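Data block below; observations after.
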Amino acid sequence: MTDLLTRDIPAAGKRRTRVLPRALSTQEMVLIGVLIVLWILLGAFTPNFLTAQSIQPLLASAAPIALIGIGMTAVIVTAGIDISVAAMLMVCAVVMAKLMVDLSWPMPLALLAGILLGGLCGLFNGILITLGRVHPIIITFGTSNIFMFLGWRIFDSKVVNGIPTSVGVLGRGADGRFLGVPYSFLIVIVLAALLWWYMRYTAGGRHFYAIGNDQNAARLVGIRVQKRTIIPYVLTGLGVGLAAMVAMANGTQTLAQSVGQGIELQAIAAVVIGGTSIVGGRGSVLGTLLGALLVQTVTSGTIQLGWAPQLANFFVGVAIIIAVGADLLQQRLTRKAS
Amino acid sequence: GGDGGDGGGGGDDAVTVAFVPKLQGSPYFEAMNTGAEQAVEDIDGLEWIYQGPTDASATAQADVVRSMIQQQVDVLIVAPNDPDSLAPLMQEAADNGIKVATSDTDAPDSVRELFVSQATAEGIGTTTMDTLAEAMGEEGEYAIVSCGETAENLNSWIEVEQAHQEEAYPDMELVEVGYSGEDSAANAQMATDFMNAYPDLKGLIGQCTTSAVGVAQAVRDAGRVGEVFSVGVGTPASMVPYLEEGSSSGSILWDVEQFGYLTAWAGLQLGQGNELAETNAVNDAITAAEYSADDSTLLLGPPTVFDAENAGEYDY
Amino acid sequence: MTDVIPRVRLTGISKRFGAVRAIRHADLEVLPGSVHALVGENGAGKSTLIKILAGAESSDSGEIAIDERVVSFASTTDAIAAGIATVYQEPQLFGELTVAENIFIGRERRHRGVVDWKKQHGEVSELLELMGLPERYATVPIDELSIATKQQVAIAKALAQDASVLILDEPSAILTDAEIDVLFGVVRRLQERGVAIIYISHRLDELFRIADTVTVMRDGETTGTHAIADMTVRSIAEEMVGGLEVAENRRRDLTGAAPVLELDGLTRGNDFRDVNVRVGEGEVVALYGLVGSGSSEISAALWGMKKATSGRILLDGGPVAPRSPRHAQKLGIGLLPADRKGQGMFSFQTIAFNISAGRIGKFARGGLWFDGKKARSVARDMISRLAIKTRNERYPIASLSGGNAQKVVLARQLVEVPRVLVLEEPSQGVDIRAKEEIHTIIEELADQGVTVLVVTSDLPEALRIADRVVVVRAGTTTAEFGPDATQVDVLAAAAGDAAQTEEVGS
Amino acid sequence: MSEQNTAAPAPDTTLVVQSRSEETRMAAIIRTLLTRRELMLVVALIVLLIVMFSLSAAGVTNGPFNGRAMAGNLINVVPLAMLALAEMIVILTGRGSIDLSVGSIVSLVSMVFGFMYGVWGMPLWTSIIGAVVVGGLLGAVNGALVAFLGFPPLIATLATYYAYWSLAIVINDQQPISSPEIQELYDTARSIPIFGSGFPSIPAGVFLFLIPTVIVVWYLVNRAPLGRRLYAVGTNDVAAKWAGIDLVRTRFTAFVLSGAISGLVAVVTVGQFASARPDAGNAGSGMALPAITIAVLAGVAITGGIGKVSGVVIAALLVTWLNAGILLLFPGNHGTQYQLLALGVLLVGAALLNGYTNRRYHIIG
């Protein structure tokens, strides 16, 4: 009987009395290592990479990717995906800008409205996906076009000029920092911490993993799968709203239709580099945060090394392959071991 | 958006002039449209169609151009994203009896009968470089933040700028040209990275309307107003705050609305088969648009340098 | 007994899946503190019935009463709230989550809205102890456990619900004897606490150890409920089958036939070792073993899905090493997989597609042009030869009943009659009539000279069709029986009665 | 149990109409339309054409919507339908297979083709074959990542989407190539009066590229052994494996084909734009998204195993003519904006319909 029971478990290193699932995945620890090495190397080979005036803007620029990536992590953990975030970001940003400029709403109110609008867009996605029971990639391809249409109509073929400079506190400027860290990145940290806590400690959060693991089984154990599945999309929407705010602040006093273009793939890249499994059931917000930093480090690093900036995308692609490949390899090894 | 005519150049003698910008929603082209609509109000027998693609690509633009050919407009004016790509389509339009012209960006190897030029590439490039050189004290490193990698006119301006600098300002040095698309946040981040990569960087050029603002924003955010000088090809309304605080030392542009007016007017002339004179008085503001028969180019005039004083007078 | 209020009462339940009437009219009464066995052939509707009780399926008609109060469950949540805990036939677990999380998923212990990990951990430790599993399993992700342990976790999970009704759907199928002892211990303790237990099993003998009452289902109907004391294995079996005559056993002595397939000391790590089997030309040999005995791994090795680490496979005397199913095919082997739905059917494709899918190259003229006409005519031919009940070959296989679908998957192996045909559980989940028809087909094939190895956990089937039965136990061949073997002998060998073990192979 | 056996075989769900006596005529029509997407698309196409022709006749449109206009717009169908077919081949193999990198392959191969034909002076046919081969190789990288190494297709092709795009841009320092040879290639995009002067001229690309591709893909999917394997793998890959089908090889081949078709599309776009452009397949939102949209609209199931060549071609025609119609109906910027809306609504609608159909008629699960 005993040999039967011990047969299951690889013997080494499992003796600790953990009550909680693991806090840091291997992938996250490796990512932290990779980031440290990259930063040291970049610091050595560029004049300024490891200085405040380079790291601060880097954090500010990584913020929108991270803000979207955080919600996207929850979505992907439930085995979903949201391609519409870039279009959604444009809608939120233009609404915020127009409320402030054309309707003279006070800034906080306008930003809040834009963030809520993001949540609403997310709700729209979530409802279509759960009620239609169609693969989310297809639905969000579609809603992406619809949001884009809305955004363009609201822009009304113009740019929005004269966005108040006060928005700039959320950007990469000097007036928007606390202990040297840009406010926008502080928002990222707070949000990531919240969602990390939620997904790790609360029942609702753990249910995301269960749904991503096996939606049918989740239904059988009494999880309200449909309701639960909507939540990550709404979270993503809210994150997109925040990202719109930061993207606007990172930009100029003029907002153009191109805001946020291509950020959906950057956010997904950050999520998968962070070790979240695209087929669902596994992943964490912390990894995404690191992934976003890696994506932006690669982009800025390429430029600061004096290489062709267009190569940055190539390295992002390679980073995805290495990160996911390492994860696949590790999984294969543990499977062999057991 | 622009107002279409009833299309087809029906039974009346009105001339339908269609203009296809590089993309819609850009303040620059929308301002051209505003100017053209003024022309429609002023001039009898001119009908104006304005329709642009949703992204600044040759592909998307070709669809719109093709639609214009189907609509059998009288005159088709295009600001080509990629002149080479458009040349055959213009041929097709001409084969269908449509008069074709370019505006803003030329397609020299095409069958276009006229190019309405805002200013020569020479003029824009030289003025931009002169403005930057003056701000930088004619010495030091500078970098260029451009937008689309393949934008023909931006690339031609960059060429002129570089050549002019080598000739006239030997103490200046171009360290990098980067392309970061039409997103001002990305433009600004690239400018920031340039400032970090080249700590002695003294000058930045924002080569298109979004990056003109983007580079200025980057200088402002880095807190280096007065140390790093930026100039750009930006629309006045978006540049005002930056010009005022000094993060931008000047914006090189022309009166875009008048340029739109001129384009519409030129289209009408083309449609009616009128010969252009060597200098043309078009309206109160455009009194001497020069026409060169050699390269069939109608020129608005020299570029304007907007600064803190005059930029506020424009609402685009 | 009758004056006790039943904990569960199901009356007149019926349920259709499209054209399949899974449950036609089922009644069931379970008393508190009793173990109520539910038996019936594959597909009789047992799982469907308990899924209805568990809120996982809705019934088309009928009534559910708990403690004589009529209830209606819109979802599993409602059923769980009503005190019904279920261990499904396929364990519903989440691979990435830990054992502790799996046990509490959906009903987490909370402390101010946050999962109370410590408390859960404590309770889980107790449960694991009850199940005879070590405490350190609590934080191990499910994916790192074996199937049997997963099953035990699933039971622990049901126990954690503190339920008044516990449903166990074939819990013993994949457990070893020792694990079954633990399970029965747990069941008895719950019984003492007054829990009503519904116990589904195909191992009729074990019912006499654990059950108080037995209800038999046939064709979606409950045919009767009896005290277990009044029954015997034989009487239960008769009621399950409904008195259908079982045909004569095939019993031919073909030991003299030239050996075509020989397994000689075949071994693969923990899966199986020292397997010795010899099958002669035109012979039918059954490889009989209970679930988990390793017999399915042996057939996977024959089919090139798993590599043997030592020993030899001989085909017509020459050693072969199948690298892949395709390679095995080329060697002249055909295989019918055990899991019809998962491994056999292309469910929304047509019958013709399904039949031709195993030999696509065969239907391609010059290897370039797939001959659809030929595929359809072969399919029509198979339909009539195997008496597949369908209107025509263009129907999707999903529209067929299990037995007919099984014949289609079998037909795939017959497109090009193989030299050696391996059939895994050829009649699993098909009704008696179809079963008989499949057995006849196997006999006909053997008569045509095909060498047949039937890998089965169905003892009557093994004895019905095989010329010889080789017993697999704990990953190795332990005994071999000639044509005159009795059920008792074979079963005893499979269960590990040393006295019954005879010499193996040749 | 005998129930299943004695009763008539359970009625078919997709191919044959249920016992007619039980089903009303209307229900039968609806079922046929829902389960046979290409028929529904034909109906939609006819409705669109009738609407557009009447609007055009009533003079509501900015220009005539007639045979000539329709023929002219076929130029857009060429790359769109070809890439949608490429996506179909990949999506058919199931397990979330999709190819996000087709647009980047188009960009990169455009440049390679530009070099081969426009700079190095290789003969046209060699260059075209070279483009297809290079496309196939780029697809093979995707295929290797997915089939051999087990990368999720979405991830593998997201990575190569970035990598190929970047390479396309740096390979010639972001300059397009438009040498005279390349410019002459525009002939492939020109319309030719193939049916005589009485009929509208059709873009040459339709005959040079689209129709051959459709024929080849139709052959591969419906008549080559490969096609059977694609459907089998996409329907149930475990069963396919047990049936002796090589999953790795089949998935790998699907991505190679997708890359090769994308390589040919690169030639098409080079001809169409008379220049080899590094952003040929990535401009705007790129070419992959519209291609996937067409495939989904055509009824190709993202879960694999379902999809038809005819559906893809009809869907491409529908979207192209719808877009052209919208441009004629809405002047100014609104036209291009409404195209976005129409595409979005079509896609969501088609997806919801796919989902509903599958559940209603139990096609999957």
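Annotations for the structure displayed:
Lettered A, B, C and D in written order, each chain numbered from 1.
Definition applied: a residue touches a chain if its C-beta (ideal position, glycine included) is under 8 Å from a C-beta of that chain, and two chains touch if they have at least 3 such contacts.
None of the values given here were measured: they were computed from a predicted structure.
Taking the CA centroid of chain C as reference, the farthest chain centroid is that of B.
Look at where the CA atoms of chain B average out and do the same for chain C: the two points lie 74 Å apart.
Chain geometry summary: the mean Cα position of chain B and that of chain D are 36 Å apart.
Averaged C-alpha coordinates give centres for chain A and chain D that are 30 Å from one another. If you average the CA atoms of chain C and of chain D, the two centres end up 43 Å from each other.
Residue numbers of chain A whose C-beta contacts span two or more other chains: 152, 157, 310.
For chain C, residues touching at least two other chains: there are none. Residues of chain B in contact with at least two other chains: 1, 24-25, 54, 149, 179. Under the touch rule stated earlier, the contacting chain pairs are A-B, A-C, A-D, B-D, C-D.
Remark: chain C residues 54, 56, 75-77, 80, 86, 88, 92-98, 100-101, 105-108, 110, 113-115, 117-118, 121, 132-134, 136-141, 144-146, 149, 176, 178-179 touch chain A in the complex. Across the complex, chain D meets chain C through its residues 1-5, 7-16, 222-225, 227-229, 231-232, 235-236, 238-246, 305-306, 362-364. By the touch rule above, chain A contacts chain B in their complex via residues 46-49, 51, 53-54, 57, 61, 64, 152, 155-159, 161-162, 165, 168, 171-174, 247, 250-254, 256-262, 299-300, 303-306, 309-310. Contact residues of chain A toward chain C in the complex are 1, 4-10, 14-15, 17-21, 201-203, 206-207, 209-210, 212-214, 216-224, 281-282, 334, 338. Residues 61-64, 68-69, 72-73, 75-76, 169, 174-176, 178, 183, 186, 189-190, 269, 272-275, 277-280, 283-285, 323-324, 327-328, 331-337, 339-340 of chain D are the ones that touch chain B when the two sit in their complex.
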